[in-house]
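Input: structures, listed below.
In what comes next, chain A is part of two complexes: it sits with chain B in the first one and with chain C in the second one.
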Partner chain A sequence: MKRKWFLLFLILTTTSLISGCWNARELPDLALVSALGIDKNEAGKYVGTFQIINPSYVTGGLQGGGGGQGPPTTVYSSTGDNIYDVTRRLSTKSPRTLYYAHTNLLVISEDLAKKDGITNILDAFERDFEFRTTAMVVIAHRSKAEDIIKTLPPLDKVAAVNVIKTLKNTESLLGEEPTVNLQEVIHYLVSPGKEPLISGLSLKGEKKDAKKVTNAQGSSTPKARLEADGIAVIKDGKLVDWIHGKTARGTGWVLNRIKSTIVNINWEKEKAAIEYTVVRQKTKVTAHTKKGQPKISIHIHAEGDIGEVSVPVNLNDPHVLRKIEIEVEKTIKKDVHDAIHRAKENKTDTFGFGEALHRSDPKEWNKLKTDWNDVTFPKLEVDVTVEAFVRRTGLRNKSYLSELKNNR
Partner chain B sequence: MEKAKISAYQLFVLIVLFELGSALLIPLALDAKQDAWLTILLGMVGGFFLFLVNYRLFHYYPDILPTEYMQKIVGKSFGKLLAFLYILYFMYMTARVVRDFGEMLVTSAYPQTPLFIINALFLLVIIYTIRKGIEVVARTGELLFFILFLLGISGNILIVISGIVDLNNLQPVLEEGIMPVLKTTFTQTLYIPFGEAVVFAMILPYLNQSKKGKRTGVYALGFSGLALTLVVAINISVLGVNLTTRSQFPLLSTIQAIQLDNFLERLDVYFMLTLILGGFFKIGLYFYVAITGIANLFNFKEPSKLAYPMGIVILILSITIASNYAEHISEGTRFISLPIFLPFQVIIPVSLLIIAFFKHKKKRGK
Partner chain C sequence: MPPFFKYKKQKGHTDQSKDTRDSENHHVPELIDPSLSVNLDIIKQKTGHSSDIIVRTIITGNTPLHKASVVYVDGLVDTQAINDSLIEPLQTNHDLLEMLYQQDELDKFTKEFISLGSVHPVTNWDELFLTLMSGDTIILIDGSNKAWSASAKGGERRSIQEPSTQVSVRGSKESFTESIGTNIAMVRRIISNPDLWIESMKIGNVTRTDVSIMYINGIAKTEVVDEVRKRLKRINIDSILESGYIEQLIEDQTITPFPTIFTTERPDITAGNLLEGRVAIFVNGSPDALLAPALFIGFFQAVEDYYSRYDIATATRFIRVLAFFISLIGPAAYIAITTFHQEMIPTQLLIIVAAQRDSVPFPAFVEAIIMEIAFEILREAGIRMPKVIGSTISIVGALVIGQGAIQAGIVSPATVIVVAITAIANFATPSYTVAISARLIRFLFMISAAVFGFYGIILGFIMLVVHLVSLRSFGVPYMTPLAPFIPKNIGDTIIRTPLWAEKLRPRLISSTDNPVREGENQKPTPPKSRGMKKKNTR
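Then we have the complex of A and B:
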């Protein structure tokens, strides 16, 4: 009998202990942070801007109506001496505890990245167990991080989701924004043989309207929009340059980060006459040393289709396709050379040539690594070979343009 | 020694669970940088040798526990002292592993819960199992090994298809020559986790077909060694050497890096489940061995009665062995390798075997 009572007592006490209520947090007490912006004010303090999801306005659905009545996200901001200070000081304003496990966008202002560099602010995010290192990092181009966070975009209600999708789209369709997450940024910051590149994001249009609910409503053209805008080149933790357009694409080619992109080639003096869409791409970067001089070889392999022609050209003829391939190769090669040239001017090895050398010749690398970016990299010999293939030409062979030409 | 028998397969499962237990959790062998996986392979080879030493001793004395045959090999009083030291070693290791897991849970999931409570709850479950005896532990092992296996396979598949593995991170191989690799092997991986299999010297007498012991042990060590090599290589190729060395729990960071189509992510529970399963057996086996040793040495009839009091000792020990996690880990992977692991895992078994060998030769000579 005694034993029975003891067992009962034991069961009751253990169940109350192991049910996991020790530091339970209920959903109504949590504020889900979707994006986080970091600025620095005139006084030299960090300003954190927190985009918090308003659950009832995002989901809608069952409650009837849903969405629309209020802004889908709310923004709080606070200042502090370091990141943790900023986040804890927010408690004076927020009725709920901030919860970072769903934060997938970190916006850093251009000013902060240029003047102080990003090195001092990342540790807190990496160390905290709630914050995820898979969060995407972007730099607010020509605007404050605060403005980006406050914007209410159309289509996707939560701005962070909107931004991430836009950047991923740019990467996969245009090949110009190799997106990076926090883990990769830190990895490249630390690695002496590769410097980080961070996507840029800018707020275009009327900034003062960006944070109004009406920005996304009442008009088919939002007054303010967020746009992927260039890639920030980071050297020693500081922003040194922005690269855009073809240079950015050239960088994507070297980094093997092109999922798909467009290559416009000239044809018989017509500019951008034929459009070649890349479907598949593979880049190999190898390093070797000759007589103590490191040399980099880049081999690019691209496969793709013809997407559009604006000149009468006979796409039935394999010889013509071969000629197009050669033109494509030339164009890609030029983009890549431009990108490398720009990086050399910046004295910043954003391509990971140093890492390639480290892999192939660790001894030589140890000699060169201390002033790789400033001395060796700008003088580095880089050899680029491109192999492009036109696989298909879409649903038509010859363009109707050829018929028009024959009729004349 | 309780009257119990375990099968060869059960022994295999127990060895694998024990080996993977905390070795998956802690940053292992990273002094060798990107060659960490190589040091684990080398450690595994050393582990085979150490296991065969223990097996040979078991072969000479198939029916009695090491705590008893030590007394036969080196004499009653010295043998008793040696056995007592072994018991202390097993208890210390139990406490260490409990601490490992408590720290992991506090750091990565329960920041506000005191370490004491987590350790106490974990130990409570283990005490319960241990009281039921080795057969129950072994059967639980069979059951949970299957789950662990599934978790391991599916986890690896997820990591590979989410495209985060960059094999370039494993290069250059042998950047600073073979020396750092050998050094790390002999100061770390030989002992953690492979040398730790000395625990199974205390389990081998329970094996129902003693002939299969040798093959089972070697297979189990080989299997866990290869699994560990794979995990370490994946950690480094996903995170890079730098981040792996900076991580408190590299495997957790690797699993957190999985992102599949924006919906399969944050799979921390994979890590937790794997580690809790492995940890349960590692702590359980160390604890069981310590208790059996005490019962055997002091002629205690019912070893299961020792579980609660010893559990309290282990609990207090697990809290007091280090004041913070950094201290705990550097003690475990650096400071105690040579003064504790080397004698208990290598020197004593080998010298016992040498003495036993000559004693048996003499006997046969007569």
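Then we have the complex of A and C:
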């Protein structure tokens, strides 16, 4: 009996030693990649740019570090024939193993997206078990992905965090940047009834200063900064167009992605006299077929507050409020029509009208899906109805402007 | 072990015991001799002329020189009571005594003279020494082959003090002392019921320690009481110095870090457990009572849970269970996250931890082990250290180990935080015995986390749960009422339902004949009328 227990003990202890500390990695042996940029050079090879967090310079203070002594992120780059090649070749330069589980930003250069398309490069990221498919995808607008990765922004020390926050902010306050992650991009690339939209990011200012530590320090106005800049329209995996401003917002309305936005309306010949802040929005896209012709109806319900008035209006009067609502409805409708018009010109269904038709009439969709973007979508009849509602008028009913007017 | 060696040892052992028994029989006769001087000689010889055995010989008659002796152990008796109620009557009532001698009715003597609580005659020497050594006073009279043993126990004892380990804000402030009689009386004062039964025995061949088992007849399960009695009777050991001796000799399973018998120093906890059907074991000289059968969840039930309202009690108990888990897997989880699962924590937090670990020369596991061992040493030193230099340890602990180690870059602040939280969490467990087992198991979890990461922690947890479920305390499954799952008793586990909702005593512990502990409709409600007005109309 004793012998038996001893043997069992021996087997248990040795097996645990055999397996070793599989996959154990100490933190000082890991290079945390915060962002990853993909370019293509003249020779046709992929260039990967890796933004690696330098932990002691990010936190600063404690031991040895001290915030100002070095850049919070370090950038490595390498070239290769495919993405995996690029990442493995980096080992010749990096003292630590690259760790992708905290990579939250994937930057693709505009050139690469236009010429070769993004279809070929995404598989590696989706397949890798470390890389998160929730990483945000952006396209470098008017600059190389490398430049964006190298930029040291002022507020958030890690550039990737800075970019993600900027884009999310733009989406939630302005409604112009429907951000997408890797998973969504792949999903829309595959789906014939909807094409992906990817946020654009550009480096503004003096590009030479972007990668210096002094860019983020020593001056209250950074010489170079990253800005959300338009939305890239992708068709068949390739970048076909950039949309900006009101068109982008119109797209947001159709996609039901507006969390909050501003709508400026005209009042008695005064331009942009009243500002209406959307706080709640709901868009319903329905498709139906009439005599073999698909038809899309969009119903937008918006609810918001009056944010600012620059003309004396009596906001106590329900008739005035109703009039404001009608104006808001008109403005939104115009934005949406502009966006749809632009999409039709591009022959790219970025709104998912195809998917809506697929849901309502799968048989008809199967007939149409092969030529959807090029033939059916540009001729599609789209009916837009908007219902706006003024929920609150802020802390003031009557603006002091009306009193000023009465005194005169 | 080679068999011949065993045999040799056994033989030697038996021979020795035989010898001692023979010599005992030779020296001490079984019955008490009529001659006083012979008796006194025997006492002196048997006790080795010990100086604390006091013999007072009194001349009780005039014409024939009758003598009587009072024998007691100094310090175990109430000398005042002996003087007043024993020696004085013997000295003053010569005539009466003379009469009794002549009538040969010395038995009457106890009824007439001794005004002490209990007096009983003793005829053999074994009994005489047993009563003498446990603090009774022996009266020997010349010419009588009987001795009388009178109970006048006294002497210096520690008084009743506040509990030191099971502290509560609300509730009684008294704790058990070293005297078994006082302890039993304290429980008796709480449960004034004739059904509170006590059985006494003496255990320990040399120490002859008083051990009592206490239970409520009708509530305690007869099988459990029988089992306790059987296991106590089985004990054959030289000495019982503390209740821990009994605990180790009667527990169900010895290869386990978990205690299967509950210990308490509070009479109210003892009473509460007796009322749930448990059996209490008191040991003379030990300020802790043993309670059996013990359940795992019982170690998380503090007295205050029952004294405070149920919502607060539930919240605090939840915190306690949480703290127990933290004290088990705190450092293990830290090791697992920093060496295997760096993706599990937010980026910003990881950056902070990584920045701290950058300059540390050790792997996370070694670092955590260093800190844990340092803490365990501090803790052990804190207990053993004389109180006068107690402040030294806090200075050394806080400054040298905490701040110094971090500044020197030997350990990272995150590790210190984790170890500190774990240490604090360990103190949140109300029972010291189960907190110690958590301390022990923590190291196993740390090793499995260092080898397999979270997978190892989960493996460890599975093994822990399997082990816990396999344990039994006096035949009752340790994890009752969670496994086996008893829905009716779940109200006093991780949650505590209101007192008016806990209608039944715990099944499997208390007697099945009498499970209901409260009447119907115990939930308090406001009066239906609006109070004042209706009273006035009456």
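Please note the rule applied: the second predicted complex is superposed on the first by the 388 of 408 C-alpha atoms of A that agree within 3 Å, B and C clash if a C-alpha of one lies under 4 Å from a C-alpha of the other, contacts with A are read in each partner's own complex, and residues count from 1 in each chain.
We adopt the following convention: a residue touches a chain if its C-beta (ideal position, glycine included) is under 8 Å from a C-beta of that chain, and two chains touch if they have at least 3 such contacts.
The shown structure was predicted, so the numbers you read here are calculated from the model rather than taken from an experiment.
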{"item": "Room on chain A for both chain B and chain C (clash or fit)", "value": "fit"}
{"item": "Which superposed partner A:23 touches (first chain B, second chain C, both, neither)", "value": "both"}
{"item": "Chain B versus chain C as contact partner of A:370, first or second or both or neither", "value": "neither"}
{"item": "Greater chain A contact set [chain C / chain B]", "value": "C"}
{"item": "First (chain B), second (chain C), both or neither touched by A:32", "value": "second"}
{"item": "Where the C-alpha centre of chain A sits as vertex, the angle toward chain B and chain C in the overlay (nearest 10 degrees)", "value": "50"}
{"item": "First, second, both or neither for A:55, with chain B first and chain C second", "value": "second"}
{"item": "Contacts of A:101 with chain B and chain C, given as first, second, both or neither", "value": "both"}
{"item": "Partner chain(s) touched by A:183 [first = chain B, second = chain C, both, neither]", "value": "first"}
{"item": "Chain B versus chain C as contact partner of A:293, first or second or both or neither", "value": "neither"}
{"item": "Chain B and chain C, minimum CA distance [Å, superposed model]", "value": "6"}
{"item": "Chain B and chain C footprints on chain A, overlapping residues", "value": "22-23, 101, 132"}
{"item": "Residues of chain B touching chain A in the complex", "value": "107-113, 117, 121, 124, 168, 171-172, 175-176, 239-240, 242-243, 253, 256-257, 259, 265-266"}
{"item": "Residues of chain C touching chain A in the complex", "value": "338-340, 342-343, 347-348, 350-360, 363-364, 406-407, 409, 413, 450-453"}
{"item": "Partner chain C, residues of chain A touching it in the complex", "value": "16, 19-28, 30, 32, 34, 53, 55-56, 58-59, 62-65, 99, 101-102, 104, 130, 132, 158, 161"}
{"item": "For the chain A and chain B complex, residues of the former touching the latter", "value": "14, 17-18, 22-23, 101, 129, 132-134, 183, 186-187, 190-191, 355, 358-360, 362"}
